[in-house]
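You will see two complexes here that share chain A, one where it goes with chain B and one where it goes with chain C.
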Partner chain A sequence: MGAHISIPMYQRAVPQRYRLIGQRCLKCGRVNFPPKAVCKYCLTGSEFENVQLSGRGTIYSYTIIAGGGAPPEFAEDARCKGSYPVVLVELEEGPRIIAQLVNPPGEGISIGMPVEAVFRRIYEEEGVIRYGFKFRLV
Partner chain B sequence: MTISVISYGIYIPFLRIKREEYISALGSCSAAFKEKAVMDIDEDTITMAVEAARDAVAGVDKSRIGVLALASTNFPYREKVAAGTVIEALGLSNNILTCQHGNSTLAGTEAILSAIGLLSLTDQKYALVVVADAPASGASVDMEHGFGAAACAFILAKDEPGLEFEGVYAYAAESMGIRYGLPGETDLRDIGVKTYSNLAYNDTVRASVRGLLDKLGRKPGDYRHVILHQYDAKDASGLAKKLGFGEEQINAGLVFAKLGDTGACSTLVGLCNVLDNASPGDNMIICSYGSGAGSHALSFKLTGQPPKPRNSLKSLLERKKYIGYVQYLKLKRNI
Partner chain C sequence: MEGVAIIGAGQTRYGDFPGKGVKELFAEAYLEALKSVDHGLDPQTIQAAYIGCLSAGSGFQLGQLAPLLMGHVGLPHVNAVRVENACASGGFALYTAACAVASGKFDLVVAAGVEKMRDVSSSKGRYWLGVSGDTEYERLAGSTFAGIYALMAARYMHEYGLKREHLSMVAVKNHRNAVANPKAQFRREITLEQAMNGVPVAHPFNVWDCSPTTDGAAVVLLCNAKIARQFTSKPVYLKGFGAASDYLAIHDRNTVTSLAATRRAAAEAYKQAGIGPSDIDFAEVHDCFTIAEILAYGDLGFCEVGRAHYLLENGDTQLDGRLPVNASGGLKAKGHPIGATGCGMACEIFKQLRDEAMEPSRQIKNARYALSHNVGGSGGTAAVFIYQRGDES
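Let's look at the complex of A and B:
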């Protein structure tokens, strides 16, 4: 099942999708990414300051999406590659985020591998290219 | 006021295809590269531009960038301000002066010259020039065999030591040159007479290089390096020799064999390769070419230490994965 995100909704999230802007909770100091209305850590903080995340982190977990398991917006990737890896990355600043891993190593992926964010086309919908981040091994 | 390149970044896609793949699939290959870079399914000239630009702006105060000049012959949208995507991806000010050059492989140096001009209209200190190209045509056109992909980005600064811009000489006249494209057509065309294309290239590039040397009162021997637009393996070095340059001046700027035809990036990736190994005092003349036809010869000299890139071209050329011709066609959305 695909997750339709309207163009205005996507555009509002451009700072986080294009350059990993997170928010630091002014109450507990932890970094939320993606940004939230209420801090997911202390569950009470609702005031934040923007922080530029480094895009660096390590692989916390991963999975391989086989052709048939890809959501429709990623069908083109799947058709081209057969399968592609999705990683859960623990960023230096703390948050864990899910994204695709580009240029996967021939010898396989392992937990703890250092990665950095790259700027890629995530998918295309309504003729609009949805850019965003993926990760590559450092 | 002086204008100098104080920082640069390069991006080469991870995927490569060797010339042998063409020969085993098609029986021949029209271009004499050894291997060339290929964009992945989720890459386009704007994603490459952002990657090269991120390296170029690292270590530079982004709030002092007042100009963004972009160039490509293959932007992902036919109409759209592509600078907006780059500004948001890099976190640049939304109020900077932008320009976007395309339509021919002359676009790369057009962007540099525009950035130099636009710098006089801003109080800010820096201009960012990003040239990302991946010439495109349907795979049934022979000329497509040579088409590669690359991006490079440069920070130009007012009154700082670096690779100082010394002058430019330009030439433009009516000539179809190497290739042209019509609106709505996927395939590029040429007039089908190779000797004519070569002659057009030679005449157009020669006019600017000779003009610049005359203007600056210099001889070929006064330069450490010469870098001419490379649309195939031999014409650039052949012409440079005819113009009076020697192999030791030509070789460091030759990148076609490793990357193929990188379009508007061609001379600028060559320049990056020269800069990767440059020493203070080195000087160079670069000359771009675009069919239609035009050329720009630019002269630079290195005042102070050469800028150090985050990733040298050499290191990027070593990071790669080879693909076969069928995978190549899939990535180009031909099958």
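Let's look at the complex of A and C:
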């Protein structure tokens, strides 16, 4: 039993998952990602303009999900790879986002490493492959 | 605002009970709580019940669980409601019950929690826990709750020099404390070497850094402090209670080495009680993962944020230290039946502050104030309570 993200729900977040579309608050100028109804920085602005994030950033923290510890929808992935890293990335525009790290280096991951977003297959549910962003070391 | 007193508390042993469902677990805790009221209590005078539960056996009875449980114990007509905030469901049930009494609306209420986690496969269990975090982003990164707390641990290590060994010291301490607790799931010690070399779960965590899946229930009986002495000469007063929220997702928070929900809930509770962290004699804190206990030390004011590992090195939070933490064994070794946990902590403190810790070796002596701390998920919610013993003149 996997996390159930319905097809329409996934569809609604396609601008974020495919193109990293964030929102710049017209009041304080800071960038929210994922989008909010009210800016998470000034807590008052509710009007935004869309901005495409560069996808460049640095590793803020990381973990390595072990084969046996993966959620059910990623269990097969974990079986193939043995384990996979998940990183919290601080993007150069400010927001932090969480995603998997592809092609992890043999010598280990460390906080502060520069990364960039890449478009990848995330998982499959209801017969539909869900695509989105992961990161790789620059 | 009216004063709030605890006059009775009961809980099942925590563990794996294939012969008992949510109804049986709840009834066992409820009947023990009723029996613990020194001068007796007529159950028909109970006015309301707030019952914490995440999933009642992964969706077995998501809707209207509270009337199902109350009907099972002969109180079908009580105002009963289920309270849900993931792992803090029990804490928020207790908080809601305390507010109901403090408001003057009710004089006698039940705060309870129950969870039946061992009926389902581990993958279904992980599904239910996983969807209590941020499903859209955290979960779709392939992370779990262990993974989210692991991100906090890695960052804490980076910022403050915490070592892998410090994480394991939490697990070793809490397992040692559970040995003498008849209510605990794992009543056995582990060595530091064992704790540092378990099966990997989510780096830097291994299996010994993680709380288990657990069946269990806990029930607390609260009344208006004015009438507490009708029921017992040894009430325990709830002097302060606080609760707060934070962004659900870790990527939305300013910091990941401190939980803002805990800090805010603690500030509210300390203010109401009129005391500070240095007045606390012992505490039950939310150690769902070893790093969570370390975060709690800073967020509850037991030390500065970032210096928690020195408390562990000094042995300050051991059973014989200056501020024992998780004398029960904590979530790690006492067990973590999600919805029950917050009320189970109150049961432990009720017993300790009445000198009824069952095994003399685990009784904390001369304690006046205690604190409990219950966190929802990775810190999306938190509740903090301050208790005062009531048998003093």
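One rule holds for everything that comes next: the second predicted complex is superposed on the first by the 136 of 138 C-alpha atoms of A that agree within 3 Å, B and C clash if a C-alpha of one lies under 4 Å from a C-alpha of the other, contacts with A are read in each partner's own complex, and residues count from 1 in each chain.
Just so it is clear, a residue touches a chain if its C-beta (ideal position, glycine included) is under 8 Å from a C-beta of that chain, and two chains touch if they have at least 3 such contacts.
Since the structure is predicted, the reported quantities are computational estimates derived from the model, not experimental observations.
In the model built by aligning both structures on chain A, chain B fits alongside chain C without clashing. In the superposition on chain A, A:I122 makes contact with both chain B and chain C. Once the two complexes are laid over each other on the shared chain, residue contacts for A:Y131 go to chain B alone; chain C is not touched. In the superposed model, A:R19 makes contact with chain B only, not with chain C. Once the two complexes are overlaid on the shared chain, A:Q52 sits against chain B while remaining clear of chain C. Touch criterion met: A:D77 reaches chain B and chain C at once. Of the two partner chains, chain C is the only one touched by A:P34; chain B is not.
Of the two partner chains, chain B is the only one that A:V102 touches; chain C does not reach it.
An angle of 150 degrees, to the nearest 10, separates chain B from chain C at the C-alpha centre of chain A in the overlay. Ranked by how many residues of chain A each touches, chain B and chain C are led by C.
The minimum CA-CA separation between chain B and chain C in the overlaid arrangement is 12 Å, rounded to the whole angstrom. Taken together, the two structures place residues 77, 100, 122 of chain A in contact with chain B in one case and with chain C in the other. Residues 1-5, 9, 13, 34, 40, 60-66, 68-72, 74-75, 77-78, 83-84, 86, 88, 95-100, 111, 122-123, 130, 132 of chain A touch chain C in their complex. Considering their complex, residues 14, 40-44, 46-47, 50-51, 54, 76-77, 85, 88-91, 321, 327, 330-331 of chain B touch chain A.
Of all residues in chain A, those touching chain B in their complex are 14-15, 18-19, 21, 52, 76-77, 79-81, 100, 102-103, 106, 118-122, 129, 131, 134. Across the complex, chain A is touched by residues 123-124, 126-127, 130-131, 135-144, 146-147, 150-152, 154-155, 158, 199-205, 247, 249-252, 256 of chain C.
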